[in-house]
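Letters A, B, C and D name the chains as they come in the text, with residue numbers starting at 1 for each one.
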Amino acid sequence: MSTPIRELSFGQAINEALRLEMRRDPTVIVMGEDIAGAAGREHLGLSDAWGGPMRATRGLIKEFGAARVIDTPIAEMGFTGMAVGAAMTGLRPVVEIMFVDLIGVCYDQIINQAAKMHYMMGGKVELPMVIRTAYGTRGDKRSYGGGAAAQHSQTLYSVLAHIPGLKVVVPSTAYNAKGLTIAAIRDNGPVVVMEHKFLGTSAKGHVPEEAYTVPIGKCEIVRKGKDVTLVGIGRMTHVCLEAATTLAAGGIEAEVVDVLTINPLDEETIIESVKRTHRCVVVDEDTPVCSMARDIAARVGEAAFDFLDAPVKAISSADTPVPFAAVLEANYTPNADKVVAAVKEQIG
Amino acid sequence: MKTTSKPTAEKLAWMYERMSLIRQFEERLKWLVETGVPVGAVHYYIGQEAVAAGVCAALNADDWIASNHRGHGHCIAKGVEVAPMMAELFGKVTGTNRGKGGSMHITDITKGILGVNPIVGASVGHALGAALSAKVRQTTQVAAAFFGEGGAGIGITHECMNMASIWKLPVIFVCENNGYAQATPVEYASSTAKISDRAAGYNMPGVNVDGQDPVAVWEAAEAAVKRARAGEGPSFIEAKTYRYFGHHQGDDTLRYRLKEEEQAARDRDCLKQFRAKMEKSGPLKLADLDAIDAQNKKLLDDAVEFAKSSPLPGPEELYTDVYVQAKGGAQ
Amino acid sequence: MKTTSKPTAEKLAWMYERMSLIRQFEERLKWLVETGVPVGAVHYYIGQEAVAAGVCAALNADDWIASNHRGHGHCIAKGVEVAPMMAELFGKVTGTNRGKGGSMHITDITKGILGVNPIVGASVGHALGAALSAKVRQTTQVAAAFFGEGGAGIGITHECMNMASIWKLPVIFVCENNGYAQATPVEYASSTAKISDRAAGYNMPGVNVDGQDPVAVWEAAEAAVKRARAGEGPSFIEAKTYRYFGHHQGDDTLRYRLKEEEQAARDRDCLKQFRAKMEKSGPLKLADLDAIDAQNKKLLDDAVEFAKSSPLPGPEELYTDVYVQAKGGAQ
Amino acid sequence: MSTPIRELSFGQAINEALRLEMRRDPTVIVMGEDIAGAAGREHLGLSDAWGGPMRATRGLIKEFGAARVIDTPIAEMGFTGMAVGAAMTGLRPVVEIMFVDLIGVCYDQIINQAAKMHYMMGGKVELPMVIRTAYGTRGDKRSYGGGAAAQHSQTLYSVLAHIPGLKVVVPSTAYNAKGLTIAAIRDNGPVVVMEHKFLGTSAKGHVPEEAYTVPIGKCEIVRKGKDVTLVGIGRMTHVCLEAATTLAAGGIEAEVVDVLTINPLDEETIIESVKRTHRCVVVDEDTPVCSMARDIAARVGEAAFDFLDAPVKAISSADTPVPFAAVLEANYTPNADKVVAAVKEQIG
């Protein structure tokens, strides 16, 4: 009799991570807009009516109550600031910024306050706080009339990874989403967790029931290969894997590295891989200028210079805002075809 | 701040025509969505029509409005044609934004629209800028900013109210209090019972009007516009209203509110009440209103046909209009 | 919101001691700056001492304060020792922040200080967070946020006032209205004559007190603290005050205000008035106050000596404490 | 009799640019906190009491009045948004954000509104607006007790250059500051002008009295050389020139490229130079992750791969917040010694 393997979706895995940590530690609280929904209406028999954009916080209020699962007004600067203050005074807040595009209205509290507080104060204060935020384009060529356009589809993590003091993780599967979220909550400094909106079934998979951590600051080699290193971030890891499958059919063995933490970056794992494969393609969903793609390309280009058989190739989304029309959005985001083409160009 | 003038029959007909067109646009859109036509994320304005119609009835063609994510109604009320609007939702190159913006960015700058804008609060700043522009260029234009009661809580709204007041800018803050920000009830999220009570803290008049009655909204807007054009500064209008459906097309469970509440709101439907009033005491006749409805239906039929038959943007459109090419302006 | 209790002699002595220590710290600092000792950018608190002393006199050791850029006075009033403060300004490793923060970031978390913070408005959020923390952890701690009348105009302040009110958080908004934000007069930048008038728009009590009188400030703070500890929510205190010198050490022309105005403010100096009052009706004697001054002078002498003789941070300090190392917390 | 050459400081040059454009075009307005000072006190004989942090707007109110020289309350999000709206409706606003660190409180209006408006609206609206902001560390080893620390010393332009639709220029001298500012005002889209706080006399120089433009989107080769290409941005261009002088004494001829516009980048000029010199060191005052330094390094590494004799080296500020103590800040920022050392390593 085989044990049935428990599979969770990306959102369910994050939900479980939050739930387990909230059980374990009464100082963990979650806050954000409609992370529960129907706030203040328990007396009408209404509650838990929303659960965040990906339902990752659904049900938490039932178990932990409104004191620890806090629906906020639309005031990202204020409540992110509130989380900073709470983290300095004995709580471990997990803040949800509904979409990463909205960091525009609370960027100061993220980059100037949360990220720098420990340093500015000479290391004398800890800041155990997590920011969860959803990002990304659909980019799946479905013949959709349109997506969410320029202000609700961005990736933007480059402008967070840029900031010293801020850890930024980008899970790609239900398994590592749970482990990274738990690691983020247990970290004593600020960590941003970037949650892709359209991972769909590609992220679904076995997730153990108990709490576990996936280490922050470590890449994972998710496919071994000897001819080229494909470096993926978030959903782009799946794009790399798809490309690797195609390449394998043509006899090219691609190694795929899932970055997982974009800051601080585990550059050793990537560089070691490239030293073995002699070629590197970085695939990033963000726009190209000052991107993680070019950041990694530059580090590899410098550290593995003597090992490279071809220039490191950085593949990003188009250097444009995200267009609405599906026909345009489909070309906006990197896909496996582009990765395969880049590798073929390198191997020539 | 009450004005004594009464709306003319023409004005009433205009308001009805706009409310009816908005309602029909949204209902048609909802039908399209539900039959599987993909139009991206949309936030229906159904239920709130009287607010947009009432405010825009007080504005001139060259006045400005700034809109939020729930913007279809504002755009139609200010004069955007429904055919290019529908084409935009279909992602077509004939759309108001060439298919690059979609529902959350619809605009027609030639009609005085600074854009639908889904970052809560952002467009309040844009209305302030248009008002500043009118002042600096010494025109008599005014600008109205539409935002929800949720948007009243974000920082930029506060900043703009203060600046509008100190500079006496010709701007009208129109807070559409539909009771909810997504699934968050206003009585939870706002520290004051009436959002309009906050106006006093910015030394500007604040009124609270029935947002289901376009005439009540129009009266308040007329007074605010008059004050603005006279150089006396900004005003705040809170219009109590209700959205019949979910926050966006995907929100269909509505588990944050009671059916009774929904029914009570529908009983006060702006179109229904308007028709009842006209039937009772005129000046418009129901037949006039039916004719307007029929004409709007035709407009919507044509709009959908236009949207369907229009071409998609070519692949090069992804890369165009990222930077403004040198042209026009003071070069 | 008036409280009837009167300050004890002990409380009065405490307030004078703090005001005197702040004044002496800032005067010593000013002298150092003017004799060429480089301490980075500093914003003197001279003239406003009664506000910090009055508010902190109402707080317990385990209560919290959040401070803005003009923060030396707040820190001293809440109990930070002047020696490590001075060392911080000298960029020494013995400083409150190991020389990594300077004037604009001085803090001592063990004294309940969430930090001096030069991004206008930012620390208002931090005070709110400390208040939330007290509520969630079910302690009776309260948090006070100090900000200027300039800081009252920025968005986050509005957001935090609304949230504090809806959640009845134990927080006190202390607006130090010293008449200016850099070179911008309050009567230009604020739409209301009294900033405290805005409190009503957040359904919280707002009072306007004489910021040159520590007892008046203390009374208002006592009432606010009582309300906060009772779970009744936030309060707003506007303290009218004045800064005698420029916005920062480099602003010495003060071309935005009249000398007469400066003189009028100095005539109402908090220390001078306090001494006159005590001389007239006690309970403290001038000799007591002189002794306090002398003791503070000694503290400052020692502080400067400590700062001068302390070592600079080693070069490796540039790279330490960027990320929080795993320790403590709920690991 | 020789004509005396008119020299201006960096701030004076910007002041002149603003003044000339305001004379030329009545729709140009300037706004920001204390760009004049003593607002509303003309009746007391007080006005023009501040002039911005670098006095670049001093005197403008005297000539153009309070209707066009607008002191604002402390409300960066609101007034930047106001500028966006004004730019859509017939004005050409020039907004001052006192220090770049403060983009944290108005980032949405910069990156989501100003930068994307033209694209989102299908090209149907123009947005002629300029954002001027001061940035940078002193980094000059003066035995100062301390600087302005973590929240008032940043460079941060990477998080602006990252955004498609936003042009970002970084002048380095009085001459190009005037020309780029005028070009920015005349541009029909949003342009950010980054003004270094501590250029001092290095930027001072001859500035013609009349209006002229320095083209946006073009690098300038400010020193010719054949052995290595040093790429500098803003004050780092002077650091590169200083290093080039040192290197020349040792017989190494460095070419120095002043980037001037970081987005859109004139990569051709840089790449062509590297193809000639076969070596490249990029010197950037911003922190390293997702930086312009690594962005340029990646582009050069890819495009000039076959021409490189050594890995492209990216030199940035330390990957830390800016420390207060002068002894620490002095090591924080790149300097000529570090550049010389990097070149020697490459040529070594």
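The rule is simple: contacts are C-beta pairs under 8 Å (C-beta built on N, C-alpha and C of every residue); 3 or more make two chains touch, one makes a residue touch a chain.
Just so it is clear, the structure is predicted and the values come from calculations on it, not from any experiment.
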item	value
Option in C-D, A-B or A-C whose residue-number contact pairs overlap B-D by over half	A-C
Remotest chain, chain A as reference, centres from CA atoms	C
Chain centre separation in whole Å, for chain D relative to chain C (CA means)	35
Chain B and chain C: spacing of chain centres that average the CA atoms, whole Å	45
Length of the line joining the C-alpha centres of chain A and chain C, rounded to whole Å	40
Whole-Å separation of chain centres (CA-atom averages), chain A against chain D	31
Shared interface positions of chain A, touching two or more other chains	73, 75, 77-78, 101-102, 104-105, 108-109, 112, 119-120, 149-151, 164-165, 318-321, 323
Touching two or more other chains - residues of chain C	97, 99-101, 105, 117, 119, 153-156, 159, 162, 166, 188-190, 322
Partner chain B, residues of chain A touching it in the complex	33-34, 37-41, 44, 46, 48-50, 71, 73-78, 101-102, 104-105, 142-152, 318-321, 323-328, 331-332
Parts of chain B lying in touch with chain A, wherever the complex brings them together	37-41, 88-92, 97, 99-105, 117-121, 150-151, 153-156, 181-185, 187-190, 253, 255-258, 312-313, 315, 317-319, 322
Contacting residues of chain C [partner chain A, same complex]	64, 66, 95-101, 105, 107-109, 114-115, 117, 119, 122-137, 143, 155-156, 159-160, 162-163, 166, 320-331
Chain C-touching residues of chain B, taken from the complex the two chains share	153-159, 161-162, 165-166, 188-192, 197-204
Chain D residues touching chain A - in the complex, by the definition given at the top	77, 101-105, 107-112, 115-116, 119-120, 149-151, 158-159, 161-165, 263, 265, 286-287, 289-295, 297-299, 301-303, 305, 308, 310-314, 318-321, 323
